[in-house]
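Read the structure below first, then the notes.
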Amino acid sequence: MCLAIPALVTAVLADDMATVSLGGVVKTVSVALLDEVAVGDYVLLHVGYALHKISEEEAERTLAMMAEGGLLQAELDEIAGDAA
Amino acid sequence: MCLAIPALVTAVLADDMATVSLGGVVKTVSVALLDEVAVGDYVLLHVGYALHKISEEEAERTLAMMAEGGLLQAELDEIAGDAA
Amino acid sequence: MKYVEEFRDRALAEKLSAAIRAEADAVRSYNFMEFCGGHTHAIFRYGVQDLVPANVQFVHGPGCPVCILPIRRLDDAIELAERHGVILCSYGDMLRVPGSKRRSLLSVKAQGADVRMVYSTLDALEIARQNPDRQVVFLGIGFETTTPPTALAIRQAADEGLTNFSVFCNHVLTPAAIRHILDAPDIDPEQAVHLDGFLGPSHVSTVIGSKPYEFLSETYRKPVVIAGFEPLDVLQSVLMLIRQVNEGRVEVENQYARVVTREGNTKAQDLVDEIFELRPAFEWRGLGMVAKSALAIRPAYAAFDAEARFDLSDKTSREVKSCECPAILRGVKKPKDCKLFGNVCTPDNPMGSCMVSSEGSCAAYWTYRRAETLAEMAKDKAMAEQAA
Amino acid sequence: MKYVEEFRDRALAEKLSAAIRAEADAVRSYNFMEFCGGHTHAIFRYGVQDLVPANVQFVHGPGCPVCILPIRRLDDAIELAERHGVILCSYGDMLRVPGSKRRSLLSVKAQGADVRMVYSTLDALEIARQNPDRQVVFLGIGFETTTPPTALAIRQAADEGLTNFSVFCNHVLTPAAIRHILDAPDIDPEQAVHLDGFLGPSHVSTVIGSKPYEFLSETYRKPVVIAGFEPLDVLQSVLMLIRQVNEGRVEVENQYARVVTREGNTKAQDLVDEIFELRPAFEWRGLGMVAKSALAIRPAYAAFDAEARFDLSDKTSREVKSCECPAILRGVKKPKDCKLFGNVCTPDNPMGSCMVSSEGSCAAYWTYRRAETLAEMAKDKAMAEQAA
Amino acid sequence: MTAMQPIRAKRFPADARVTMSHGGGGRATRELIASVFAPHFANPLLEQGHDAARLERPDGRIVVSTDGHVISPLFFPGGDIGSLAVHGTLNDVAMGGAQPIALTSAFVIEEGFPLADLERIAASMGEAARRAGVPIATGDTKVVERGKGDGVFITTTGIGVVPDGVEIGPDRLAAGQAILLSGTLGDHGVAIMSQRQGLEFETTITSDSAALHHMVADMVAAVPGIALLRDPTRGGLSSTLNELVEGTQLGVLIEEAAIPVKGEVASACELLGLDPLHIANEGKLVCICEEADAETLLAIMRSHGEGTDAARIGTVTAEEPGFVRMTTAIGGTRIVDWLSGEQLPRIC
Amino acid sequence: MTAMQPIRAKRFPADARVTMSHGGGGRATRELIASVFAPHFANPLLEQGHDAARLERPDGRIVVSTDGHVISPLFFPGGDIGSLAVHGTLNDVAMGGAQPIALTSAFVIEEGFPLADLERIAASMGEAARRAGVPIATGDTKVVERGKGDGVFITTTGIGVVPDGVEIGPDRLAAGQAILLSGTLGDHGVAIMSQRQGLEFETTITSDSAALHHMVADMVAAVPGIALLRDPTRGGLSSTLNELVEGTQLGVLIEEAAIPVKGEVASACELLGLDPLHIANEGKLVCICEEADAETLLAIMRSHGEGTDAARIGTVTAEEPGFVRMTTAIGGTRIVDWLSGEQLPRIC
């Protein structure tokens, strides 16, 4: 029900509409719920509407945290220890 | 367009309707165009309505005339001559 | 089937055939017009021509209601179904007749219009009752036979207070058409076929009686035999006509006495009078405008008159060029004289109305006598080429 | 697909899994409720359970909008489609949910009701524009994620002056439901599951932000991690929850920071505020009446409110007896505890709403973990028999 | 795409209807098949559980024929779409002089169709196939949205084996051959039309729907040199005969008085303005053979229940190539034309 | 009931539509067939002019399969209902290990359908059949009233011959066998869905609709002992595998990461919330064989245009009988279930 997926804005159209691409699949959606949107933005798409922009920076931070999180707390401590 | 066929009245129903039989095929039709109709009457049926009663007497006369008519006028004269 | 099979008896047919051959005067010809399409159909379906000598010729009249409906009226019916979105009900044969641009009620149905074939005005009324939110129009066509059922339907609708039922009335009158043909002011005398007598309408006469044809013998001096639609009826009527001609009599005789009386069905006549009135004139395909030849719904029943209820647009309706239906319906040409016959025009792909109804001349020739007709056409063509 | 595939990476998953196994304290258990059906689905579809130790348990919450719609409201929707003859539009999952007498929107559609699946409220508006002579009702269901699109559709309809479009509004609010579960006044303490933390809503939070969950840590002292819907998001969030628990922290953390902010989408929030107002209370399947847990259309937009426009009859709506959905939706039972599971109740023939949506617990167990569940059920049964 | 392997039959409620799910190709489709079709169609070929059925190596050449059945109404006096779909295709195979060895059936069902009616059709189909001794080897089920179908359409295909030496086909026609008809014309079409809404009439006529391959087997055994067999179905005898001669150097002459037509069928035709020669039959055949074989074949036909009214109705001629001519009841002659335009209602 | 003998082709006007007359069985039916179908289907079997086609005595056992095609939209990227109806049935025959020798086709056409579209479909069907080297031996045409159909439905039946020694069937499955897939999943279903009204999205994906019997011929020649072949059409790979094991003593274990899926197909599935395992394919096959034959067969598949992406995706197991289990992308496991409920839109 809350299915939503990331999509790249490829064109901003009239009437609060935009064209987005999801891995090559192109769809026309409403961006009326966003304050501003630009070509190149990634947005989260839900039932034909963009709900929110996606932050590239945060995504990368999350992935980095995962790689980190994959380390055991003990190993992290060790790394911290080594660094110290 | 003016297709019409003879049918036997098998039952007189309410609302100026009647059941008729055409050689075993039974159909409910309107007899509203006839002054009176009784079981046993033959009627001429057209687009769901009985148009006219059929006269048995006249039908037989016609068939008899045909049999006669089939004789050449000359033969008829002859017969008349013989009888005379 | 009583009153049917007896009138198709082969032994009797042979007797009548022999009598006709014997009595027909070999040195003259007998041209009899059968007004009714019903007769045309019976003649062809049973091969009646094969039972009469070659000098007895049937001239096919305009008595096929489907054939004589002018294309403009058919375009109006198509407009009712398409533009006004009504449920348009009609008898089966009417559906395939091509209107302008070769569009028929059947082809607009195939494109989504709601066109329904009915077997009776009773069905059309029932459709109206079952679809109270739709307008239902019955396309009323036909001669005096078919008119009383339409009149009854209108009265019934009035009695029930149906507000969604109306009739697009195209009912026409036979005597006026026959008179028009005989007046034939527009016919090239060289083309004109001399008519020696008429096979009078069969089922029409059960309603109006034989009296309305008496002007034919009285004014026009033409023998008339009211004839049944079975093949023996036709043969006997031909024999009766030959005898009138040979004897110099000019009478209205009634071969179809088992159903037709001089007065007809007066109850039906009264009902028709109550609902309908004479139109000053009406167009017949083939005959043009014919005075006092058709009925309109009386103003008292205007609520049931589709012409009053719907705004029908002006239109220029066009016949297929080189279709000879008009001349065929006047009896001055035969289907073989039309160069479209069997070539591009067939019952599956009719160009004119005469090719649609099984009572139309072209359809009858195509369906039942195609081999002979095509052979004649080939012969005519060869002769024409030789002449040229 | 950027932002999708990275979050399904197997190597990273294995790392996270190893970390979870290492950090989870073997002598205690961790019971985390995922509120959202989206999480439930991700957990099952990717077999996330297989990557966490047995003492980390997922407790499935009531976060499937299809599952928690009370049967009475569904019966109302069926009535709109059947008795009022509207074009009823809804998202796909809703169509198969059984209402009273096991009738669903899909089954009444099969019997002739005009029920249409739409992918967006934009489609429902378009259907209304294209069918000006029909009433079109959009069955609005869903949490805060799905509400703004409904709000926009209503405003659009108002702007266009559409007179044949309305919404049957069943939009509900997540924080109220979580609060209700934690208050759990009606739950038998023996049955109650102790919850060690929450996987916070993912896409709901993109709209409302993480702030509305702060009461959970502040008032109820429960750790919360707002978690994305991809499997790595779930694993990482579990790790973060374990760390909070192990460290005795109670915070609202945001794992899904790439889309969720503390404030959320204020434009969408304002729009929702303009169109909707709080209902004093609303019934949730499983939870009963929950105060301030749902939205109604404001009187200013009553013209677009199907509840105002149509007269919905009183009805006694009945759940299938012995369907355990209510207890499952509260997290106090599991699908294996329902004796209908897999027996008479399957996704093709659902008895309760939890078996319909792919986000429902019963459907998830059936579809993705049937083998294990049926084995457990057999074991439970054997033990019960031994005990007896 | 879904084999009819019985997986798990289930009992549907009495008022259950077909839904789109039943056509999705998933478990619901399999359950429908297992519950509604498999019990009635049961046979070893179907139980192979494969999407395609494997038959034994045939002892002769293969004959194959297919027909879609879209009849309305679905149930009519003397049969239903299920039995019709079996008989219609078996007969087309038999008209090749072949003995049918297997049938396939493909259903297109309209959403909302009552399962009880579907089961009734399946039962009738199964019974017709069993009686005919021909298994329904494989099948297919599709569901279309309400308003995109008309209850049920069934396409059946028949596979048959024709013995060596039997070379039935239009190329075998020659002037002087006798034309035989296995019984009365028009029973099927009239039975259907009697049920048509707005046209209803009562008659005791029932459809002649029947499988003719057993009769054909005896005919072919006695006279392997039969020139042609045809079943005069849609379009009636007139279309069958026209199909044979149109565009060829041969004609046909038939005798109206010799053509068997039941009294009630003749009456119904009068009522509707139809010609019995245009009306569909579903249990009759036209056989064209050498003059010398005519009596033998008539005797064989008459010895079968389906051929009791068999009659010699005409002759192949060289005189009027391309035309079907008939001596009429009153001794005149006329062309017998194809059915022109639409025959209402749908009769097969 | 009407053989497809070319009588007289005629040119219909460009905007002509199918009328009820075209289904009456009379001359209009024959003209439609002669004008629209015959030119595209032309082959010696059809020209026998008989309602049933007679094939030569086959050199092996017969395999027969049938499918109704009710796809919407009728035209889609990579094909149309015509080519699909040919490929779909040829493939079912090929899945029996057989080489198809003939097809039949039965059309149910909705009144008002544009003749130009019908001809386009016939042309595509004819071309697909010619390319496949399999004649359309006989056919049938019915017309239903407007609102009682959906453009065109086409039921095709395929007849094939399977060489002795080839015994493909579900009874041949055994634990330890390898499961091969001939290429990417979901192309057909996604191509169809991209055209669905109200759902439109743009993609470069085209249907994989293709005939597989040439590839199968090479596979069977190299490894006559192939245990099973199936085309994962409606219901997708999940239904195909479940059909095989449900109710048996065998299970299946597949590896999500090993299953080829195109990027755009995966994206479209995300967009629609669908699982590629549930999506229909029309040019793929699943092959189950002995472990030892897996590489040989993969090499053969990859040497054909239709099998370039062939992959080993799993193994038949004895461990969890009746279930299809999958190792997921992240290394967890789950059951792979049948498609549940309706798959929208109609995809075959």
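A, B, C, D, E and F are the chain letters, set down in written order, and residue numbers restart from 1 in every chain.
Definition applied: a residue touches a chain if its C-beta (ideal position, glycine included) is under 8 Å from a C-beta of that chain, and two chains touch if they have at least 3 such contacts.
Molecules present, by chain and UniProt name: A, B = HypC/HybG/HupF family hydrogenase formation chaperone; C, D = Hydrogenase maturation factor; E, F = Hydrogenase expression/formation protein HypE.
None of these values were measured; they are calculated from a predicted model.
S.K.: Find the two chains joined by the most C-beta pairs in contact, please.
M.R.: Pair with the most C-beta pairs in contact: E-F.
S.K.: In whole angstrom, what separates the CA-based centres of chain C and chain D?
M.R.: Whole-Å distance between the two chain centres: 72.
S.K.: Report, in whole Å, the distance between the mean C-alpha point of chain B and the mean C-alpha point of chain E.
M.R.: 39
S.K.: Using mean CA coordinates as chain centres, what's the chain B-chain F distance in Å?
M.R.: Each chain reduced to its C-alpha mean, chain B and chain F end up 63 Å apart.
S.K.: So which bits of chain A are touching at least two other chains?
M.R.: Within chain A, the residues that touch at least two other chains are 3, 5, 22-23.
S.K.: Residues of chain C that contact two or more other chains, please.
M.R.: Those would be 1, 4, 14, 96, 106, 119, 123, 232, 346, 348.
S.K.: For chain E, what residues touch not just one other chain but two or more?
M.R.: Chain E, residues with two or more chain partners: 19-21, 26-28, 263, 266-267, 270, 273, 337, 340-342, 344.
S.K.: Give every touching pair of chains, nothing left out.
M.R.: A-D, A-F, B-C, B-E, C-E, C-F, D-E, D-F, E-F
S.K.: Considering the complex alone, what residue numbers of chain B touch chain E?
M.R.: Its residues touching chain E are 3, 5, 22-27, 45.
S.K.: Considering the complex alone, what residue numbers of chain F touch chain A?
M.R.: Residue positions touching the partner: 200-204, 263-264, 266-268, 270-271, 273.
S.K.: Which positions of chain E touch chain C when the two form their complex?
M.R.: Contact set of chain E toward chain C: 198-199, 257, 263, 266-267, 270, 273, 320, 323, 325, 327-335, 337, 340-342, 344.
S.K.: Chain E touches which residues of chain D in the complex?
M.R.: Per the stated touch rule, the residues are 106-107, 109-112, 346, 348.
S.K.: What residues on chain B touch chain C, complex-wise?
M.R.: 1-6, 8, 22-23, 30, 32-35, 42, 44, 46-49, 51-56, 58-59, 61-63, 65-67, 69-74
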